[in-house]
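Beneath this line is the structure, given in C-alpha cells, with notes to follow.
As written, the chains take the letters A, B and C, and residue 1 is the first residue of each chain.
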Amino acid sequence: MTEMKDSILAVRGLTVDFSTPDGRVEAVKGIGLDVRTGETLAVVGESGSGKSQTMMGIMGLLAKNGTVTGSARYRGQELVGLPPKALNGVRGSKITMIFQEPMTSLDPLYPIGRQISEPIVHHRGGTFKQAKKRVLELLELVGIPEPARRIDSYPHELSGGQRQRVMIAMALANEPDILIADEPTTALDVTIQAQILDLLKSLQRRFGMAIVLITHDLGIVKHFADRVAVMRRGEVVEEGRTTEIFERPKADYTKMLLAAEPSGRKAPPARGAPIILEGRDVAVEYAIGKGLFGGSSSAFRAVDGVNLRLRQGQTIGIVGESGSGKSTLGRALLRLLPSSGYYRFGTTDISGFDRGAMRPLRRELQLVFQDPYGSLSPRLTVGEIITEGLYVHEPELSRAERDRRAIAALKEVGLDPASRNRYPHEFSGGQRQRIAIARAVILKPKVVILDEPTSALDRSVQGQVIELLRDLQEKHGLSYIFISHDLSVVKAMSDYVIVMKNGRIVEEGETDAIFEAPRESYTKTLMGAAFNV
Amino acid sequence: MTDIVQAPAGLPETKGRSLFQLAALRFRRNRAAMTGCIMLVLIALFSFVGPLFSPHSYDQVFPSYVSIGPSLEPRPDTSTLQEVMESVAARARVTLREFNVEGEAFTATVTSEQPIDPRATRYFDRANEFENTKVVATEDDGRTLKVEGQVDREYFPFGTDSNGRDLLVRVMLGGQISIAVGLLASLVSLGIGVVYGATSGYIGGRVDNVMMRFVEILYSLPFVFLVVVLVVFFGRSFVLIFLVIGAVEWLDMARIVRGQTLALKRREFVGAAQALGLTDWQIIRRHIIPNTIGPVIIFVTVVVPKVILLESFLSFLGLGVQAPLTSWGALISEGANNIQSAPWLLIFPATFFVVTLFSLNFVGDGLRDALDPKDR
Amino acid sequence: MISFVLRRLASAVPTLFIVVTISFFLMRFAPGGPFNLERPLPPSTMENLMRTYHLDQPLWRQYGIYLSNAVTGDFGPSYIYHDNNVAQLIGKGLPYSMELGFYALILAVVGGVIAGTIAALRQNSFLDFAIMSVSTIGVTVPNFVVGPVLTLIFAIMLSWLPAGGWGDGSFRFLILPMIALALPQLAVFARLTRGSMIEALNTDHIRTAKAYGLPSRTVVVTHAMRGALLPVVSYLAPCAAALLTGSAVVETIFTIPGVGRYFVLGAINRDYTLVMGTVVLIAIFVIVFNLLVDILYGLLDPRVRHD
C-alpha cells in the first residue's frame, strides 16, 4: 500500500494479539489503513472482525492481555509503542473517541460538566472554572437543552441519546483532527440513531475533523461514509470509495455482506385462512414504587388496549422502539404474564385460563427469544434443551424416540445432529438461535412468537435465520408474531405490520401499505430513520 | 463469522464439555489451588487416619514426660535413663552398680546391705520407662540382684503438653474436631441459607420483602456474642457448637442464594421454560438449582475457614469442646499461654491451623476463578 | 436528608426492640442462673437475692421491668460486680475500648486501602503476590496467636514496648494491641480494595478517561478509586462497630480494662444484665454505623439519594 499524501493517520502492518489461557489469539493480522483530512472512513465488519480492536490498539486502550505491533503514524508521529505519557499528548486532544455504550462510558460519580472539562483542563491548562464557559458552549453545540442546568447533572439523570451527546461534546472539546466513533448508535433507538448521526455530520462540516466510524451496520455506512474498509477475521478484505464498494464490490465477502441485507418477501397466507390467535383490549399494568406494606403505588400501563388477530399461516410484524410494549404484548398473548382483555386460541376462549389450564396449550404456542446467549440454560446439553418440552407434553416417549426427534429437529434447523451432546457455550450466536428455534419446532406448534430473534446476530447470520424461519413456516403452516425494532427484517418477514408506541398501536396495515405509504408521523419518522439516514 | 450449516468441529457423537468440566479443567491448571487441594487432603488424612498409626491415645498421660520438647529421638535417651534408674534405685533403697542399655533391653545390677526382696522389681516397672523387669541372677545371698527388663521408649515428635500428653496425637484429634466443626457448621448454614434464600427469591414480592427485612434485623444482633451466650448456657457439646455456629453463619448464604435466584428468574432460559409449560418445581430443579451451585460452592470455601476461626475463638475463651477432647483452637490458646516456656505447644497446632486456612483460601480463590461467569 | 436520618433512626427502634427481646428470652430459657454456684447458697440468702433482682417474678414481668428500666437508661445492676451497675461498668470501660478501636480502625482502613490499591495497580506482579500473601496470613492467623507472638517478640525479646496494660494511656501501650486488633481487618480491607479496584479499572468509563489522555494519576485517583471505595465503605460499618466495642481476645491478652471482656465474663457468670447491656451497646453501634455509612455512601455515589 502506498503512502497517501493527505493521510493524517497511516496504519501499516498493524497486529493485535491477545494471550488467553487457550493460547494466543490474533485479533488483527497486519492491516493497513489511511485516514485523510476531513473525510469519513467507515470500518465495517461483523463481530470478531477486529474492527474495534484495531482502534483500541492504536489508542493504547487494549485489555491487559493484548499487545499491538506494527505502525500507526499520526501526522508522522508513531503512536504504536509510545509510552502512555507521550500518547496522552495525542489522545483526547488530536484524536478522540466515542463508544458504543453511552450508559457506561461516563463516570457515574461525577457531573457531566466536570467530565467534559477534564480533557480541556488537562490538554489546554487552566482551571475547571475557566473551562466552564467552553463546556456550556459545547453542550449547546451538541443540542443538550438547558445547558446551564444540565451541566451539573449526573449521567444517570440523562437518557441514552443525551449521554451520547455528552460524549460527543467531550470528543469535540479540544477540536480534534480525528474522531473515532466505535458503534456510536448501536445501543440507541432508531430515531435517536438518526439524530446522533445527523449531529456528527453537521459537526464534521463545521469543524472539518476526520471521522472513523466503526460499525456493523451497512445502512449507516451507505449514507454517512466517504470511504469504506471492510474487515473480516482481522484483515481488511476490501477498501474503497463508498459508492464503488456498494455498486461494484470486488471481494466475495463484501458481496456476501451486501446480499445479506434482508430481502425477499413472504408469500401471503391463503385467503380466508381461519383466525388462530386473537387478543382484544389487551392491557398489561405494572405497579411501580411500591413500599413494603403497600402504600400508594402507581401503575404503569406497558400495553394499553391493543387488538390483534393472527390468521393461520400469517406473520404479523410488531414494530416499535424500546419501551413501546411490543415484547410485553407478545408475552401477554401467550398468557405468560398477568394481563386483562379477551384472548382466543383457535376456537377456545383462553381469557380465564391460569397456568395449569394453559399448560397443555403451551406446545402449540411457542416463543423464541432475542438473546441466544441467555435463552439456553448453560448447564444442559443441546439435546436436553430441545427435548425439554417433550418431557412436559409427551412424557410417555421413550428415550430413543426423544433422541430421534431431537436429531430430526436439529436437521430441520440445519445443525449437525451429532452436536446434541454439546453445551450451548460451544456454539456461535447464530447456531444458538437455531437451537432455540429447534426447541420450539420440536413440539410442532401452531403459533410462534419471535421476540427480536435476529437482533443479536450479525447481518450475514440474520439473513440465514430469516430464511430458515420462512422455510419452517411454509413447511409446517406456522403462524408468526414477529417482534422487532429492525424494519428491514420486519419487511422481509411479515404480511401485516403493527407499529407501537408507549403501549398503544399507532398504525397498522398490510406490509406494503405501511412501508410505502405510512400515514402517521411517528411511522414516517421511524421509516426515515431506518432507511435514509 | 459465517453461520453456514456446520456444527462445531468434532467427530460425530462427541461429548461436549459442560461448564463444570471446563471449570474443573481451569481449576486443575491453577497451581496454587491444586497445591491447596493436596494440602487439605494430606491434612485430613493426617487428622483422621493418623491416630490409627500412633501407639498413644489422645488422653493418655505420661507423668514422666511433662512438657518435653519435640524430638525425633526416642524418649528417654540413655543418659536420662541412667538418672531415672538411679532415682528408681533410690526409691527401692538399693544402690545401682551397673546399668546398661542395649536396644530395647536393659540390664542392671543393684546391691544393698540387706538381702533384696525380689519384689523390688515392682519399683522398676512403676517408672514409665521400664517394663517387664525380671530378676535373672541373685548373688551375695540376695544382696546383689541382676535384673533385666525392657526399656519402654516413647516417640514424641511434637513433644508433649503440660499434662504429659502426646502433642502429635492431640494435634490430630484437634484437626478432626476443627475440620468436622468447619464442615458440619458450613453444611448447617448452607442448608438454612439455601432454603431461605431460594424461597425468598423465588416467591419474591412482599414475602421476599419481609424475609429480607428479618435478615437485616438479625444482622444487627451481635451474633458472635450470641454464640458465646448459647454455648455457655446450653453446654459445650460438640453437636451444639457446630449447630450454633451454623445457625449464625447462614445470613450471608441466604443473601447470596436470594440474589442468584432473583437474577436467574429474569434470565431468558427460565422464561423459555415457562413458555414450554414446565411447572415451578421443574424449573427450580432443572434450571435454578444447577445454576446457583457455582456461587454457593465458592461461598462454602469462605464459610469453612470462618467457622474454624469462630470455633477457635470459642476455644480460646475456654468455651470449645470439653477436655480431654480438643480442637486446634483450644491447642493454640493453650500454646499461647505457654509461649515462653514451651513454644512448640503453639507452633505445631498453629502451623496446621494456618496451613489449612491458607489452603482453603487458595482453593476458594481457585474455584472463584474457575467458575467465574465473567471468564466464559 | 434530615428526614432520611430521622426515618432511619425511627426504624432503629423496632430493630433494637427485637434484638433485646430475642437476647432476653434466649438467655432466660437456658438452664442455670447467676447464683447457681458450685457451693449452693443457703436458701434464705438465695431467696433474698432472687427478690432483690426480681428473679422470683414470672418471666414476662421481668421482661417488662427490664424494658421499662432500659428506656430510661437504667440497665440494671450487675449480678457479679456488686459495686457497679451495668451502665457504670460500660461507661468506665467503653472509652478504653473506643480509643484502642479507633486507632485500629484507622490503621486497618488506611493500611488496607493503600495495600489493596498497590496490589491492584501491580496486578500479578511480585508485589501483588506479596501483599496478598500477607493479607491471607492476616485473615487466617487468629489474633490470639498474633497477640502472644507480638508480645514475645517486641515486649519480651526486644523489650521495645510494654507487654500489656493501659499504663498511663500513652501511645506506647496501644501499639501492640492495636496491631493485633487491626491486622485481620486490614487484610479484609486490602482484599476488598484490590478486588473492587481491579474491577473499577476495567470499567468503560476508565477506558474513556484513558482515551481522553488524562494522566494515569487522575485516572486512578479521581475515577477508579472513588468507585472502588464504595464496597470498602460498605464494609466500614460492621468493621467499625466490631472494633470500637472492644475485642474480648485482645483485651484479655493485653489486659486492657475495656468493655470487650464484659460480654464473655458476663456470659460465663450468667450475669444477665451485663450480657444484655453489652448486646444493646453493640446493636446501637451497628445501627449507628450503618446509618453513618449510608450517609457517606450517598455523598460518594450520586445515584443513591436519601430524601
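The working rule: a residue touches a chain if its C-beta (ideal position, glycine included) is under 8 Å from a C-beta of that chain, and two chains touch if they have at least 3 such contacts.
For each chain, UniProt lists the protein as follows: A = Dipeptide ABC transporter ATP-binding protein; B = Oligopeptide transport system permease protein OppC; C = Oligopeptide ABC transporter permease OppB.
What you are looking at is a predicted structure, and each value in this text was computed from that prediction instead of being measured.
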item: Which of A-C and A-B has more C-beta contact pairs; value: A-B
item: Chain occupying the middle, per Cα centroid; value: C
item: Chain B and chain C, separation of their C-alpha mean positions in angstrom; value: 28
item: Averaged-CA centre spacing for the pair chain B and chain A, given as whole angstrom; value: 55
item: Inter-chain centre distance, chain A versus chain C - centres from mean C-alpha coordinates, in Å; value: 50
item: List of chain B residues in touch with chain C within their complex; value: 216-217, 219-222, 225-226, 228-230, 232-234, 305, 309, 312-313, 316-318, 329, 332-333, 336-337, 339-340, 346, 350, 353-354, 357-358, 361
item: Residue numbers on chain A that touch chain B, as the complex places them; value: 21, 46-48, 256, 292-293, 334, 336, 358-360, 362-363, 365-367, 369-371, 374-382, 388-389, 391-393, 414-416, 418-419, 421-423, 425-428, 430-431, 436, 439, 443, 458, 460-461, 464
item: Residues of chain B that touch chain A when the two form their complex; value: 1-8, 10-20, 22, 26, 29, 206, 209-210, 213, 267-269, 271-279, 282, 286-287, 290-291, 376
item: Complex interface listing, chain C residues touching chain B; value: 15, 18-19, 22-23, 26-27, 30-32, 136-137, 139-142, 144-145, 147-149, 151-152, 156, 248-249, 253, 263-264, 267-268, 270, 275, 278-279, 282-283, 286-287, 290
item: Touching residues on chain C, where the partner in the complex is chain A; value: 123, 202-205, 207-216, 218, 222-223, 226-227, 300-303
